[in-house]
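Chain IDs A, B and C follow the sequence of writing; residue 1 opens each chain.
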């Protein structure tokens, strides 16, 4: 039986279970357990890939290489962590929304995301990315408030238009394959990479531009990022964590595959297209860091931080290094999920998302405040956390490739965002608490963020040349 | 003077009144009544010719003179323009002469409206001028693009079935036909631009302009309107006919019969539109006219693209 | 320019879409969209006939059923449920939108001449020009209309343009892929429609310029 099917079975069972069973207690406990079972299964099935094994897939349209396997494992871990935290959260308080919907849609959403990483065919990848947009829209809509409806509408329309452009780009790349001497043409990525130098260059470039615009909208590249802060501020915190930790990786993975084709067509030289990716990444990072200075809402702030990290990952893709991209993605995902889960806790304590209402946490709930501060450091790239190592690697590689301006922009943006975020978080942590704060059970609410934080720390310590070679 | 030169003018000058009769009959059918016979407009014109006139004391010679002049120019147009599928014409008509003759007819009608110094005539004239300014580019663009693609400005050459350079440009003919049809709806003050049967003066455009006429003047004005209808519908019908490929090689008789049928069918379509569609609000008319101009632009692109 | 019947069909697809820009009446827009999509389905069948690819017949039929019959019907249902007849307006006056669409059609013809490759007839520039103009028209509709329903129609026109581009410029696109894409579009329309219903309930209007509560 093929690996894709095996990886989809458990989430689909979880989705059906959540939709069918009435009792919320049973649903949330079962789904949490099922998610960890899925993690174990994924590890078991995918570890052989790192030793060079080929896995059985439904057709030649699906392929799992080392990068894809790493991303799948990362996605599964991110979703499991968020779902576990969510199930603990929903056990402690009644929610305004139906929590079974959350678990059902998250499970189907996870299948779509895993499918994206396994695709070897450009069109099938497009279908999977579109499916992931469609299945994540209900997650934004869960709270059913006016603002949630507005955010879902913007998300759906902007991302669908963007992905339509990506379809146009896919078709153009297909046409680029057909207008050469061997007029068969192929949508398979491995075939395209092999035949890349023979592809028609103007159609390929046009196709690349459209695909970049399309998948970049989904990822949150600067001018097309409008939906991102809205969607993140309206979705519940575990859903935000999955969006930031896994969904962004899917879109960036699409860009990565296209960039592989383009890079192969130029025989490894960084041409116009790769420079475009790098420049777009640098501009996104810079713009996001400038936006961070003047923020009023906690979750929107973290949304802009995600955009900044998207910019850094785009620079990594543009340099042509898939392993750098993977490294930054892993570190960013782990730290960001911890961050979002902890922000969820803070919001529950204080009852508000507005930064002006959040202050004095340390004197009220020191464990929450300490965890908030530490996860902020993890996300913003403070040593010895893993994000520091990956961001430094990206900077060093961009300097190696002689992209001085880009490296400069990245340094400026990292500095500005660090200062801005620390200012905001500092105001949250210090000061005097308001009387209407609530206490949260310390162990259960902090367990998952603490675990992820520890993982981020471990990633930082473990980063050395052995790991680097393994990822390559 | 051959028989043809006698028959054709009589035929061409009597068909317009028949078209008006067709329109009224069909509209009556839509309103579930039998309606007047098809030759009623002819009887009406003869009746008005015999009646006396009531002329406003502020009117001058322009009232009678302009009506007669517009009727005469319109007769010239009817006998010259190739709206019946025959190429013979009294005067060689090129597209600019065609447009200017139509403008002259409109100018005469405006004079008739303004001369008696009545408020209805005044505002009818101002509305008519506004609509004509808006719709002029549409007619211009359609005809000029036909001229560009056909490499000639003589209407008889463009619209002939035998020696025209526009043989296979079906797309161009189709779009030009649509553009001319929509702009003729506005020029003729038909629905949805203006309701010819309204009795509310404040909603009138064309009818307000001819309020002051009576007797022979009214006969002239009605006949002019009928001829204008025939010519404009005929030209747009010719455009649609030229889009049909097999018709180019058919005999002359077939072409003439097809042309007459097309004009009658288009008159019927006007009746259908008047029976089913309501008049557009005044502020929505530019949007409607924009469709005609849009078709004209598309024709222009087609013509330039092929050049 | 002399057009073969097939090229005439392609041009009619583009013109029918263009006419949608000139009116803000939602029902007229939906009818014109259905007509335009029907022309496109006929074009797909014609391409299948010319190239002797029989899968294209099946794709043409599915396309017709889903996008020319199903989507306008569903949107009309939504229109009745949320009781909107007329678009509240557009950011630019409708005649100017129509003329801009026509000028963009000229621009897309110029662009299409630069693209290499032709598969259906010897000169496939008309097909590529028509598809590019459909994309422009779709984007124009999405950007300038204020009613959320019109934006969905614009999105559907955009997808039609991409489908036409696939049809004209490439051959051998697998059937499963086309089906998947159609299904995705259908699901987007349904979700958007349901969301519109919710927007109407929450906000009492579906004027997207008023969706401005979320800001920095």
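The rule is short, and it goes like this: a contact is a pair of C-beta atoms (placed from the backbone, for glycine too) under 8 Å apart; a residue touches a chain by one contact, two chains touch by 3 or more.
Computed from a predicted structure; not experimentally measured.
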{"item": "Pair of chains whose C-beta contact count is the highest in the structure", "value": "A-C"}
{"item": "Centre-most chain, if every chain is reduced to its averaged C-alpha atoms", "value": "C"}
{"item": "Distance from chain C to chain B - Cα centre to Cα centre, in angstrom", "value": "36"}
{"item": "Where chain A and chain C are represented by their mean Cα positions, the distance between them in whole Å", "value": "32"}
{"item": "Chain centre separation in whole Å, for chain B relative to chain A (CA means)", "value": "66"}
{"item": "Residue list for chain A, restricted to those that touch at least two other chains", "value": "none"}
{"item": "Complex interface listing, chain C residues touching chain A", "value": "114-117, 119, 135, 139, 142, 148, 151, 155, 158-159, 162, 165-166, 169-174, 177, 180-181, 184, 187-188, 191-192, 195, 198-199, 202-203, 208, 211, 213-214, 216"}
{"item": "Residue numbers on chain B that touch chain C, as the complex places them", "value": "168-172, 174-175, 286-287, 289-291, 293-294, 297-298, 301-302, 305-306"}
{"item": "Chain C partner contacts - residues on chain A that touch it in the complex", "value": "121, 123-124, 126-127, 130-131, 134, 137, 141, 144-147, 149-154, 156-157, 160-161, 164, 167-168, 171-172, 174-175, 178-179, 184-185, 187, 200, 202-203, 206, 229-230, 233-234, 291, 294-297, 300"}
{"item": "Touch list for chain C against partner chain B, complex", "value": "1-3, 7-8, 11, 15, 18-19, 22-23, 94-95, 98-99, 102-103, 105-106, 109"}
